[in-house]
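Multiple structures follow.
Heads up, the next two complexes both have subunit A, just with different partners, subunit B and then subunit C.
Right after this comes the complex of A and B.
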């Protein structure tokens, strides 16, 4: 089977780099730089994250994007040739959900392939539930997966869902 | 003079030393424009791209054991985009036409990057 390229995207702090670090079986390429704005963490991705993993016998190449709008050229570059999109969204930052929607539209309009929404930070107080996020994004609920990208036993969950979708349909 | 004014002042001196330079920017490591001699929209774009190129360049230098990243060179057939680390505080980037004396440009750019590092 050919390796399958998946783009991992979504707003700042959703956990894109964390996911790839948790899952990759090969040495991860990350390009985090010191954050000079208050974004709730010390570093932010400026170019890409890259890692690989084997899931159900399928080799996946994960390409993580930066989350900030000023790096939108990287969304475009990294989405080329992707066969699936994992959009990550923070349940405890509903204000970032319009930004997530914007990134999704940007990527899907250029690369019309299936997407799954991964909802993180559900362990935090006062969160939007996956149902609400599904409604806001107009994504069917069965494509919205709540998970914690820090946990190896959960991190592959949205990718497994994405593989099912890629296997069953083209968009 | 405010920090911002000092940075602008240094960029103006760089421009005076190398008048052929165009679109001179100082970017923060995470790609925000900190000072610029360029139209604001272009400066914003170039600052983000300089951070991306620099972030990726650092990874390539580590992976291929080049040592510390010193310079990014993007060479088109009409001009160059060059970027230099300002210590770990930011990035100095500019465009210069093809046919520029790169040896001289390099020397000056590194000197100005050192001066910018003192202010940042």
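Right after this comes the complex of A and C.
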């Protein structure tokens, strides 16, 4: 069976590595390094995260990209031939939402790959709601999913939405 | 006494006010050529790049690129005048300085949110951009490229403008809705659709508590 890949991208701190760790059935390969900039956490992904999910024999590779835009060349390379792209956005950090739009604009204009947007940190006191983020990103609300990447039953939700959209020709 | 140095040590925004009271020729040597600027009576009266006369807008673009790059060297030759009057201009130095500072400040304030250099944009609701002369002028020049779809990098190359300047103008156009990313047609084959349906079924069985609401 053809191996499939899903690309998980988004600004720094959106929860990309957490999502892959939650979903992966194999040990996650990560490339975290001590952050050299003030990004709100001690370490960050500098190359990529990789995990796998096997669904009845079909192997799904999950690749997480670094969040900084100086790695934009990787987004394009990794996206080639991908089943889909999951853009993750942090609801409680409005500062990173324009950066998410820049990533989405780049991905949409450079790769013919379906995408969904996953909104995280919705449990924080002050957050942008998924529909507000959809409005800012200029993307249909059906492609935007709120979820907690730490919880397995929720972490699969954006992947399910992506498969649903591909399966119903909505992308 | 001579005034000379590197733009990495003394930027243009410091250098030009220093020379504004003097008459003479400021030579800016940068990686793309030599820029000669003649100053007289607190005005720029002539500007040439490799002996080609520059218009005020071309001069502004070149200077802004040098402000951004902070790369190159300079030398000032006191009391030198242009050899002929062809292409004479008259730009108050203070006015030019204010414009350069404003452009730099505007760019700094949004630098983190500028579109990526290789994002491809296409025209959208262009009418809104024509309320601002600077955007209208840029849009007119970029029109043939944006009709097909163009990135900041390709536009900078085609129009001979600094990349950061083009990214800033595209940012403004994107914010106004005058352009939008040119979406690539998604390639989803029938085989992929069938596969997605099967995977979705498996995923639902795997994560039985999966919540489907937004």
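Heads up, the rule we're going with is that the second predicted complex is superposed on the first by the 160 of 171 C-alpha atoms of A that agree within 3 Å, B and C clash if a C-alpha of one lies under 4 Å from a C-alpha of the other, contacts with A are read in each partner's own complex, and residues count from 1 in each chain.
By definition in this document, a residue touches a chain if its C-beta (ideal position, glycine included) is under 8 Å from a C-beta of that chain, and two chains touch if they have at least 3 such contacts.
All of these numbers come straight from a predicted model, not from anything done at the bench.
Undergrad: Subunit A superposed: clash or fit between subunit B and subunit C?
TA: Aligned through their shared chain, the two binders fit side by side on subunit A.
Undergrad: Does subunit B (first) or subunit C (second) touch A:48, or do both, or does neither?
TA: The first partner, subunit B, only.
Undergrad: In the overlay, answer first, second, both or neither for which of subunit B and subunit C A:138 touches.
TA: In the superposition, A:138 touches subunit C alone.
Undergrad: Anyone got the angle at subunit A's C-alpha centre between subunit B and subunit C, nearest 10 degrees?
TA: Reported to the nearest 10, the angle reads 60 degrees.
Undergrad: When the two structures are overlaid on chain A, which partner does A:109 contact: first (subunit B), second (subunit C), both, or neither?
TA: After superposing on A, A:109 lies in contact with subunit C but is clear of subunit B.
Undergrad: For A:74, select first, second, both or neither according to whether it touches subunit B, subunit C, the two together, or no partner.
TA: After superposing on A, A:74 lies in contact with subunit B but is clear of subunit C.
Undergrad: With both structures placed on chain A, which of the two partners, subunit B or subunit C, ends up touching more residues of subunit A?
TA: C
Undergrad: Of the two partner chains, subunit B (first) and subunit C (second), which one does A:7 touch, if any: first, second, both, or neither?
TA: In the superposed model, A:7 contacts neither subunit B nor subunit C.
Undergrad: Considering only the touch criterion stated at the top, classify A:29 as touching first (subunit B), second (subunit C), both, or neither.
TA: Touch status of A:29: first partner only.
Undergrad: State the minimum pairwise Cα distance, in Å, between subunit B and subunit C in the overlaid complexes.
TA: Here the least C-alpha separation of subunit B and subunit C stands at 9 Å.
Undergrad: Okay, in this complex, where on subunit A does subunit B touch?
TA: Touching subunit B from subunit A are residues 29-37, 43-48, 66, 68, 70-71, 73-74.
Undergrad: Quick check: in the complex, which residue numbers of subunit B touch subunit A?
TA: Residue list for subunit B touching subunit A: 28-32, 44-45, 47-49, 51-56, 58-59, 63, 88.
Undergrad: Contact residues on subunit A for subunit C in the complex?
TA: Listed in rising order, the residues are 4, 55-56, 58, 60, 69, 72, 76, 83, 98-99, 102-106, 108-114, 130, 138, 141, 144-146, 152-154, 156-157, 159-160, 162-164, 166-169, 171.
Undergrad: Sort out for me which residues of subunit C touch subunit A in the complex.
TA: 112-116, 118-121, 149, 151, 174, 180-188, 192-200, 202-204, 206-207, 209-212, 214
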